Amino acid sequence: MHVAILGATGYSGTVLYGLLSQHPNVESINLYGHEGGKGSRFFDNEVPAFSTHLPILPFNPAEIMSHNDLLFCATPAGVTKNLVAPFIEADFPVIDLSGDFRLKDPLIYKKWYNKEAAPSSLLSKSSYGLTEFPEKNTTKYIANPGCYATATLLGLAPLAIEHMIDPNSIIVDAKSGVSGAGKKLSTTSQYNFINENAWLYKMNKHQHIPEIMQKLREWDSKIPAIQFSTTLIPVTRGIMSTIYLKPIKHYTNDEILTSFHKHYDNAPFVRFKENYLPAIKEVTGSNYCDIGVNYNPVTNTITIVSVIDNLMKGAAGQAVQNFNLFWNLTPTSGLPLLPVFP
Amino acid sequence: MHVAILGATGYSGTVLYGLLSQHPNVESINLYGHEGGKGSRFFDNEVPAFSTHLPILPFNPAEIMSHNDLLFCATPAGVTKNLVAPFIEADFPVIDLSGDFRLKDPLIYKKWYNKEAAPSSLLSKSSYGLTEFPEKNTTKYIANPGCYATATLLGLAPLAIEHMIDPNSIIVDAKSGVSGAGKKLSTTSQYNFINENAWLYKMNKHQHIPEIMQKLREWDSKIPAIQFSTTLIPVTRGIMSTIYLKPIKHYTNDEILTSFHKHYDNAPFVRFKENYLPAIKEVTGSNYCDIGVNYNPVTNTITIVSVIDNLMKGAAGQAVQNFNLFWNLTPTSGLPLLPVFP
Amino acid sequence: MHVAILGATGYSGTVLYGLLSQHPNVESINLYGHEGGKGSRFFDNEVPAFSTHLPILPFNPAEIMSHNDLLFCATPAGVTKNLVAPFIEADFPVIDLSGDFRLKDPLIYKKWYNKEAAPSSLLSKSSYGLTEFPEKNTTKYIANPGCYATATLLGLAPLAIEHMIDPNSIIVDAKSGVSGAGKKLSTTSQYNFINENAWLYKMNKHQHIPEIMQKLREWDSKIPAIQFSTTLIPVTRGIMSTIYLKPIKHYTNDEILTSFHKHYDNAPFVRFKENYLPAIKEVTGSNYCDIGVNYNPVTNTITIVSVIDNLMKGAAGQAVQNFNLFWNLTPTSGLPLLPVFP
Amino acid sequence: MHVAILGATGYSGTVLYGLLSQHPNVESINLYGHEGGKGSRFFDNEVPAFSTHLPILPFNPAEIMSHNDLLFCATPAGVTKNLVAPFIEADFPVIDLSGDFRLKDPLIYKKWYNKEAAPSSLLSKSSYGLTEFPEKNTTKYIANPGCYATATLLGLAPLAIEHMIDPNSIIVDAKSGVSGAGKKLSTTSQYNFINENAWLYKMNKHQHIPEIMQKLREWDSKIPAIQFSTTLIPVTRGIMSTIYLKPIKHYTNDEILTSFHKHYDNAPFVRFKENYLPAIKEVTGSNYCDIGVNYNPVTNTITIVSVIDNLMKGAAGQAVQNFNLFWNLTPTSGLPLLPVFP
């Protein structure tokens, strides 16, 4: 298989390149840049950690489609939507790591991203690729989920699908490492800002909120909204989504556990742990989402802890998993089966 | 004034020593150790960062009382209660940084600390010294509040005192630095464990829960319980207590802000910030508790963010503040007025 | 005393403001900004950690001189030299934290800073203010030393002054925290770059090399050059300068220790430690320079470890120490006497 | 192939298990524990990050040899030597990650490890397995090199082998992450100690010094000693060995570069970089040793920067590389070809 990456020098694109370059079903990788006019660029100049002297070719849809079997877009939200029309129109397979095609409703996109959405005609040809819960009619354009959305939705899925949640009760306190903000310079990504710090940002404004709601309502249409906060913590990789909710009626502890086992016992990249709350570092470098759950009878509250590596299961890893699903490959192909620990 | 510190080589004791040694009303500091039989010990041998060649004297209540005006106990919970009876009986002033005299009910102490409580006759002579909301009849034995309790109670106080909270709605997601666990060796305080990690621990079992409930019920007796979680994050100092709750009825944003201004505009060490959520690093090294608040009409949820330096406002700083209150000194004496930033 | 700070919103300026605001001899602080046309600026808007609602006034030499007794310049190298001529000409006291007036020779400045130097007529009115070894004829314009230069020169001073060093043998391997690079955005100050990393930068090109050489040659004119490297490590504050050198002839261990005692036993902010190599964290938040020394007979090599907080003894702390020296105040006025530990 | 790991729950053993479990030539892995009497132990209980429910079997040499083709010892120095005699006597293949069989001379072992050495009869059957420079007559007992030794020796090898080094000039300033100290609890591995710190430890006493000297003298017998320091820095994984030396005569820059190219252009896991000094993070998670070099004509000093991941190239990765060499497998089998970045 020949694959193309657009935007390989960002964090997600770099990790994606790393995975694909060791994927048994990938014969060649071609890199493309969406920013023209920079002269000849090479991957290893921009990512010295990788010793790959591969050219970054100018963006040219026709050429990309003639030399590759699939395109990964690791371009930022707002950029992707301006580039991919030719691929969608040609029904060429695309896995899009950006947020541009995740929301079905262009008005909601505009409200949360503060940008014009892609045209509805294109949006309708995209499917939301949460790997454990894919859409029924998967299209050739797969919108790879956001990192917070992945951790939160996988944590909520069993109880939501089984309609066990009091619809007005969900509060999510998510913690994230700094790589989630991407490679571009920003004050809050500076070492001196975030080291020895914790900072709650984008209060009620994070663009993953509507993405979570869209999928959650598919599972349980009675859920009107969630309270969702994101706190930046001083780690490079990792998300912990701590989810608090009340059950819609009384359940035994076994009933709660059973709902998780039912949905995850056959999922190769979800490790549901009984009587154990997972820590971020237990998944770093892997494509796992580890989930633990606790019920507190005193407050009638269920706490779910869901952890992922935001660049793996939250971005490049899930993209490779979507790639494997799309071509019917072994689900775990090209993905490390153990975290980098310690 | 001559003051004694019992347990100065732990983290709280060390920071306390640092503050008192530069306090304008403190003439001398005498250090005592509760562990006998170690031969001659000197402070700078055990805390090389401090260049103070001060002996650590053996614990002797009579001698402590004859040479000092007040005793600070920076001993661990479970240790303090076995040492302080002579001081309480002699009505000698004590500020106790441990958890042994915070809970009025010995059965609750036993349940959460898994140890026998101090006798009721002694417990009744202690007062809980949350500096901004002290007990009416302050005794000479002041139980200095716990770090999580301080951050959480100061965040909740205005709305609780004004009876603005839906009693069943409080969820607290607290994040803490590693120094909160003290100086003793433990697996989860090892660098390789907590660096690049986040870990939710003591689920529903943290001993600060009953401490928070005891004070909260004084303010609003209708609150039956809170859901309270503690997540260890890779910072040395600092607590962020993120508090989610629903208002008992609709309030305007101004009404919410007003309740905070009412209680804190004259508090020298609480900085209430309008339209701003504080970050941990903005208080590190200082005795401030910074508080921000947000109301989300979509979910009808109030989010309060309260940050402190756990070794300062959460331990030694508040102890000095209690010391100043006790002797009617300038409230800010001996306390740094600005954080160590960056 | 009324003092002015130019450039208080950078890291050095912020720390300087924090120190001066608690300095017993400072009555008022006025802040000035060198970048005009920004409308009304307030300190607490740009440094939320500090709750000081102080205006940042436009730069106006005449006004600064009429309202203040001394000016601190916390402006970047290359900026200061264009602003300070009026003060030097008026013989108004200035303490300059930038590198613009440290090098006596304008050609050397130009070579290492890659910028035009201040005119020689102004340079000649500056004195290099290494507080423990000030110039004999101190002027009213004090060039506060650089952070690496301070740590390295204080480590080398005793053996250099006593002519005990083989002149061709000095190798310095300095490690620095990220705040040394200042507040401006840069790739290598990003959290994701430097966290979990170490990076040797500016190989043989660091602008503190000529500053060290200039002072070192005053002490021992036979030293032709030093090999000096700087490695960025993931800490916010702190420099460790590890110095390797060979003695010019055989010395006993006692002779080596004696040279350090001779020069530092009366220095309030140098803590020379026998048989102990200090760690960065033992000085963080303080104005101390801690020094340890080791002689290895197998390799005939003396290793000196010198640690400072780069924003304190390496910048703002030493500036306050220079301020105290200049006005003949108590040397330790306004400076914390203990580090922030842990 | 069936392989055994003794001591898989330590850091090196855990990483080794992770590599071998994804190695194409390894059919099964059996885990053994050297500490008896602990009842039934399972790997995932002790390393929750790994989801492998594998028993840790009691140590039994006969059984190990009958069920496996090779034994990896990831046991601590001082422990291995007491366990491996049966394997050496039976000429059973062993790769030993501990320091017990690296030093040929038992007196030197005793001096630096402060323990009795293994008997000479056993020591003589071991070969030092620096993968790029193996011993000529490799035995079936391979002593896998230490982490500092690997980084330092690979940095020094080309110039040492080519006799280009002034024998009395070598100074090594090595920086290491905390995982190098292993999993056991210690004060200096505590987060609160090493976070925001740097600490030079074991001055002139590090046990890797004689290991480096032994190999270095094979290459250039004129080198009498090296000055070698180790500084702990707050990263989990990684070593940077900064090596300073003087050339024995004048060389052009090209001659210096050529010596590195000659020895490393065909080494799959050494990336020699011209005009570039590598950073630790560029090799984390990989088996690479990245090397850069600089010549300073002003001081006539060559600086070499050599970086590795101490748990990979410095331990488990090199052990797998030795495994591949031993069985004549593809040199890169089972080893990730790119670092985990960012």
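Lettered A, B, C and D in written order, each chain numbered from 1.
In this section, contacts are C-beta pairs under 8 Å (C-beta built on N, C-alpha and C of every residue); 3 or more make two chains touch, one makes a residue touch a chain.
Going by UniProt, the chains are A, B, C, D = N-acetyl-gamma-glutamyl-phosphate reductase.
None of the values given here were measured: they were computed from a predicted structure.
When the partners of chain C are compared with those of chain D, the chains appearing in both lists are A, B. Among the remaining chains, D is positioned farthest from chain B, on the basis of C-alpha centroids. Centroid to centroid, with C-alpha atoms defining each point, chain B and chain D lie 46 Å apart.
With centres taken as mean Cα positions, chain C sits 36 Å from chain B.
Residues of chain C in contact with at least two other chains: 11, 179, 192-193, 196, 234-237, 281, 342.
Taken together, the chain D residues at the contact with chain C in this complex read 168, 171, 173, 175, 177, 192-193, 196-201, 203-204, 225-227, 229, 231, 233-238, 240, 242, 244, 277, 279-281, 284, 294, 296, 298-299, 301, 303, 305, 307, 342. The part of chain A that touches chain D in the complex is made up of residues 11, 14-15, 18, 21-22, 47-51, 179, 196, 236-237, 271, 273, 276, 278, 281-283, 285, 288, 311, 336-342.
If you check the complex, the residues on chain D that touch chain B are 11, 178-179, 183, 185-187, 189-196, 234-236.
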